[in-house]
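Structure record follows, encoded as structure tokens.
A, B, C, D, E and F are the chain letters, set down in written order, and residue numbers restart from 1 in every chain.
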Amino acid sequence: MVVGFAIVAAWELVTAAGVIGFRRPIYNALSLVANMLGLAVLFLMLNAQFLFAAQVIVYAGAVMVLFVFIIALLNPVSDLSLGRRGGEWVWGAVFGVIFAVLLAALLYNRGLTGKPGTFTPEAIGAVGNVQTIGIALYTRFLFPVEVTSVLLLVAAVGAVYLAMRRIR
Amino acid sequence: MAGVKETLLGPIYIARAMLTTLKHNRKPIVTIEYPERQKPVPPRERGRHILHRYADGLEKCVGCELCAIACPVGCIVVEAAENTPEHRVSPGERYAKRYEINLLRCIYCGLCEEACPYDAITMGPRYDLADDHPDKFIAVKEDLLEPLSASISDTALPTAAPSAQPVARKW
Amino acid sequence: MAETRIAQEPFGPGPQQDAVFGPEHEPETEWMELNMGPQHPSTHGVLRVRLKLDGERVRDADPDVGYLHTGFEKSFEDKTYTQGITFSDRMDYLAPPINNVGFVSAVEKLMEIDVPLRAQAIRVMMMELARIASHELWLGTAGLDLGVYSGFFYAWRDRELVLDMNEAYSGVRMMTSFTRVGGVAWDLPDGWTDQLQKFIDVMPGRIDDFESMLTANPIWKQRLSGVGVLSSRDAIEAGVTGPMLRASGVDYDVRKAFPYSGYEDYDFEVPLGNAGDCYDRYVVRVAEMRQSLRILQQALDNLPGGPWLTSNRKVALPPRSELSKSMEAVIHQFRLVSEGFKGPVGDVYAFVESPRGELGFYLVSDGANKPYRMKVRPPSFCNLQPLKRLVQGVLVADVIAIMGSMDFILGDVDR
Amino acid sequence: MEELKLRPVPTPTGRAAGPTPLNALGNNVLTTTLDKVINWGRASAIWPALFGLACCAIEMMGTVGPRHDLSRFGSELFRASPRQADLMIVSGRVAIKMAPVLRQIYDQMPEPKWVIAMGACASSAGMFNNYAIVQSVDKIVPVDIYLPGCPPRPEALIDAVVKLQRKIRGEPLVKRTA
Amino acid sequence: MTTEVVVETLIKAAIVIGALLTGFAYLTLFERKVQARMQQRPGPNRVGPWGLLQPAADGLKLFFKSSSMPAGRDHFLYLLAPLISVCAALASFAIIPISGPGTLNLFGYHIGWYIMNANIGVLWYFAVTSFGVYGIFLAGYASNSKYSMLGALRSSAQMISYEMALGLSLVPVFILAGSTRMVDIVNAQHTWWFILPLLPAFFLYLVAGIAETNRAPFDLPEAETELVAGYHTEYSGMRFALFFMAEYINMIIVSSIAAIVFLGGWWGPFGILPGPWWFLLKVVVLLYVYVWLRATLPRMRYDRLMALGWKSLLPLSLAMMMVTAVVVVAAQGGA
Amino acid sequence: MSADALVRRIGDRFPGALQESSDFRGDLSIVITPEAVVEVARYLKEEEGFDYFLYATAVDWPARTPRFTVVWEVRSLANKTRVRIKTTATMPDPHAPSLTSVWPAANWHERETWDLLGIKFDGHPDLRRLLMPQSWEGHPLRKDYVSFGEPVIFSDQKLEGLEPDAIRG
């Protein structure tokens, strides 16, 4: 288990570096896809099979495909220079340091082992993975789910409207 | 509404199309397994040329070059020579000393056959002539001439030549 | 390509485009240029079309022909009239008999030669067989373009029957070269009429099979109807001909309008479309096949006897039976083969109805035994011309349907 | 636009083999057996390029049709993309305008590849002894099998394919019956 | 997770992959033969008896064919794309139970008739195939050809769109079976196959499945007559064969899932044949339908195809789902 | 409408434009001066109903001056009549007016004539070569254009030692 985790973690680090490291946008996007796949594998190792499937289908399979679509269609040349104005580097460094400090503080105080939650593998296995998530979503988290779905609907309608206006 | 009707009937028509192809499963296979079997060629088949002989073995061609003139491609060349009593090749005065057809150029139109006044050249039944070098298609007189044994009577029309019958092939 | 200039609209007002594609909505990005052909599965040979695409939508097209330019017109100029017949075969290689007839009818018009009735009937039969075979092949390949896989094979199965008859009659499957000035080269062989009768009997069922696969099939309809619309006015303006013209509702068929080879004696209809779209072209062609079968049956029933080549020894070779008997005949044979016959000075235009429309031969003679100038008016050439305009504003997939429905033969276009 | 470049091509018999994986291997008993097997595979699965020019293309289609059925030899998979094809059947006359295109298609085909010059026009320009036609396609691409006829019957094309198979397997083209 | 389980899984995977590759090879022959018969011709019959060695010859030829690569390609992605496609196709078979309900007793081991009995069931298939889109898309992108790019765009758009309809058309089954686990679904069909109550859903699944695998009449991405060979125009030799392989294996998988989900998997009506044979028979029948469609129907136009997916199949699937849910709840309430 | 009447009407309407007319084998030809071709054509189309364009071409007579005869032929679908419009063009640099403005279908036919015979059509919207490659030199259908080809090979030119196996009967 630990070996598996180590491999996947390393994969995550490498692909994450790829997301920001590659010079060609399509490779950046593909690194992100690879990263999401790694994340999905982590879910799988945590016995969250449904989350694995959802992660792959929604993020890797749908969202990122659109990203790759766009990038491929614009077909940017390989040495695309993103205008370097310097400001970005400063802000990036500042937030990077803040994030690192937070992470260090977290590690120092709590360590990496948390308390097991209510959904132990045994508890999930008793009802089933999909069922557990379904029950949780439609009872305890019903309101957030509905709010989110309305939000997405609004976004979709808005996108359609904007696109229509662009064409007409 | 026509649209609704079409939508409803659409699957039925698709099913009908599907049944048409399925129906053909019952129909016989029409393929002729060529190298083993061959469709009998009709008597008028315009394949590789044949130079004919009379029953007594003399060649019909008298070297008049009409075929070479009639050929729209110019793929026939004929050189005539005089017959001598010692060396008699054809019944007439002259015979074709050289008779060549470039079979690769030939378009098998049959005008040479029509031009020949003595039925000396006819189009035969053979068409499996593929080979790997263009120069191999230059058919000289020996290639084209009927073998002595297969000679036919002088009254035979090109369409009735026995050599026009399909030849059973091993491969 | 150095030169991407697209010519101005060749005729008429531009097509009705969707509102979103007006000039004020020109995208900032350049259109994608897609080069279809010359080697492309759906160009039926070696047509090259440069498409300008906006996504999947075609904004402009520039057909580039000539990839099969063979120099027929130049070749005609140094072949005698008889030798020219073999060249006429190879122009529209889907209907060689019709080209043969077209070519010799120009020569016959120039020489003022009458064709015996039996020869006329044989010509009609060969031409209608060729028409059926050509339409069959069109059905097969245009269907294959749109994905009807089996249709192609059924078409070939049926076409083989026609080719068998061609072969039995002339000795070859396609390039019959069966006409001679003043008639036809041979009489019908034994058993040929039975073969034809069998064909006439079996064919309607085969066409029904096609129709059950395609005519009402919603996918087929969707692909074709409303695509590539050419109104009757535009069709005339664009100079299209044959089934394409008739699909637009113009009642013009050379066989009816200017009967030749005795077409005035046959009872048949000229199928017309009304919408002028690809679906109508399909319907018209299928209906024409049925009409051709009708003509064939009538020709077979009323097949006249008599000679099949004119007795005018000025243009026709003597019968082979005479060659062994009469010295005169042999001399005549020699003269006619070696020199051919000379035509009067003048120019004529003779035309026949090929499966693709009016096939015309403009023959200029300077009194020699060869054409001085032979201009062919190929139907495919005329039908292909409006392609540029028909494809503007349609999807790439529709380009295939439109090109398929035109039924052009590159050998005919390029010559 | 396109310039006609007639390149010298090696003779059909002495054509150099392309860079196939096999060339790396030496010549010993194992490889000759392997050669045989591979040649058998190549000969039994010749996929032609979907590429028709003129009249002969119609007979080429006829060869695929049910009466003659080229698929019996495993060769019915006409590939529209030259990169997936093994055999180029030059079916018809090659106009001078077409010649560079033809050569390009040939170049796009991966080795090993073969060419059948189908019909009189492709093999020798046939009746079109004039300005517009490339006088024999072997000036542009190396031809393995020439097939006379105008157009050749489908049976003749099948015969050519069979002869090509024999050539690929390294056998003599014509088996003498007598 | 013991070593034994790992080894068992690996062996099973190897067997399944071997079987799939053979299945792919003979599926091509099957397609050629079946189509040929419908067209009144024999099909491949020269290579080996009845042409049975034809796939071997094809494979051999493709394997030893040199690869020509397009200029201006993205080399890494160009090489990666076929691998993604074929791996995705192979991995999806992991959830298919070939027989059941018990286990196979072999040398004292109880071996399940599947590689993985995941409780997400069909979702695994969706997850893996949605990743397979990348194979096709990257092939088109990396080839540096307009035809490839158009083919790839069409193909990936088509696959993403139809995945929705495909997934939703299976939801009624989940409702009836009360599980997404494949083995449970098959067991629920012991008495009645789901095709009987859920016939519309079956057809929806079939249509969406055919579209998902890019087969006729939805074979637009490689619509030969428009786009030459679609996304794999620029691929040759073995890499091209990998795409071919992916396509045919996907066909097998879609048919397998249909057999399991709607046609009762390994259950046969009379119990004459052992389970695996029933399963195989059903898959072959479905594959025959695939080939039959290809032999008959014209190709749809791309925009109509998308319209069909979004405007017809998706609403119909949703409606089917609602109806099933209502009926099931009503039946449970009534009982 | 008889051919004579049509010729008379044209003659009346465009005095001086009609140079010659002939009726050979029932084909009516009128020879028009190059300057008047477009007007006559427009008249023929709009008032005489010749709505259907058939073809355009040219004939090269190297011995004559003017050297080229340019030919268009049109038909009236309603009246079932045809008329052949001819005009002349002189060397060097032969010109003729384009009739694309009257019959748009003449577009490709005139392009072809330019390509093969080198007649420049004034007013043509897109006068490029149609059939030959754009870089081609010369106009093949002119009588002085030498059509090159290769002679047929016979046994005196063939390679030694090649056995013609397949063709032996």
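The definition used in the following text is that a residue touches a chain if its C-beta (ideal position, glycine included) is under 8 Å from a C-beta of that chain, and two chains touch if they have at least 3 such contacts.
Nothing here was measured: the structure is a model prediction, and the numbers come from that model.
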Applying the touch definition from the top, give me the chains sitting in contact with each of subunit B and subunit E.
C, D
Using the touch definition from the top, what's the fewest steps needed to get from subunit A to subunit D?
2
Give the chains in contact with both subunit B and subunit C, ordered by label.
D, E, F
When D-E is set beside D-F, which has more C-beta pairs in contact?
D-E
Cα centre of subunit C to Cα centre of subunit E, whole Å, reads 45
Whole-angstrom distance, CA centroid of subunit A to CA centroid of subunit E, is 28
Rounded Å distance, subunit E centre to subunit F centre (Cα mean)
60
Per the C-alpha centroid definition, the whole-Å distance linking subunit A and subunit C comes out as 62
What positions in subunit C touch 2 or more of the other chains?
3, 40-41, 66, 69, 71, 74-75, 86-87, 150, 153-154, 157, 160, 175, 213-214, 217, 219, 414
Multi-chain contacts in subunit B, i.e. residues touching at least two other chains, fall at 14, 17, 20-21, 24, 29-31, 33, 72-74, 102-103, 105, 107-109, 128-131, 133-134, 136-137
What are the residue numbers in subunit D that touch two or more other chains?
1, 50, 66-67, 69, 72, 80, 96-97, 124-125, 127-133, 136, 150, 153, 163, 173-174
Sites on subunit C touched by subunit E in the complex:
32, 34-35, 40-42, 56, 143-150, 153-154, 157, 213-214, 217, 219-220, 222-223, 395-400
Touching subunit D in the complex, subunit F uses residues 131-135, 140, 145, 147-153, 165-166
Subunit C partner, complex, touching residues on subunit E are 35, 38-41, 146-147, 150, 216-217, 219-220, 223-226, 228, 294-304
In the complex, go through subunit C and note every residue touching subunit B.
79, 82-84, 86-87, 150, 154, 157, 160, 167-172, 175, 177, 185-186, 189, 209, 212-214, 216-219, 221, 317, 320, 323-324, 330, 333-334, 337-338
State the interface residues of subunit A toward subunit E in the complex, per the touch definition above.
26, 30, 33, 37, 40, 49-50, 52-54, 56-57, 60-62, 65, 68-69, 72-73, 128-130
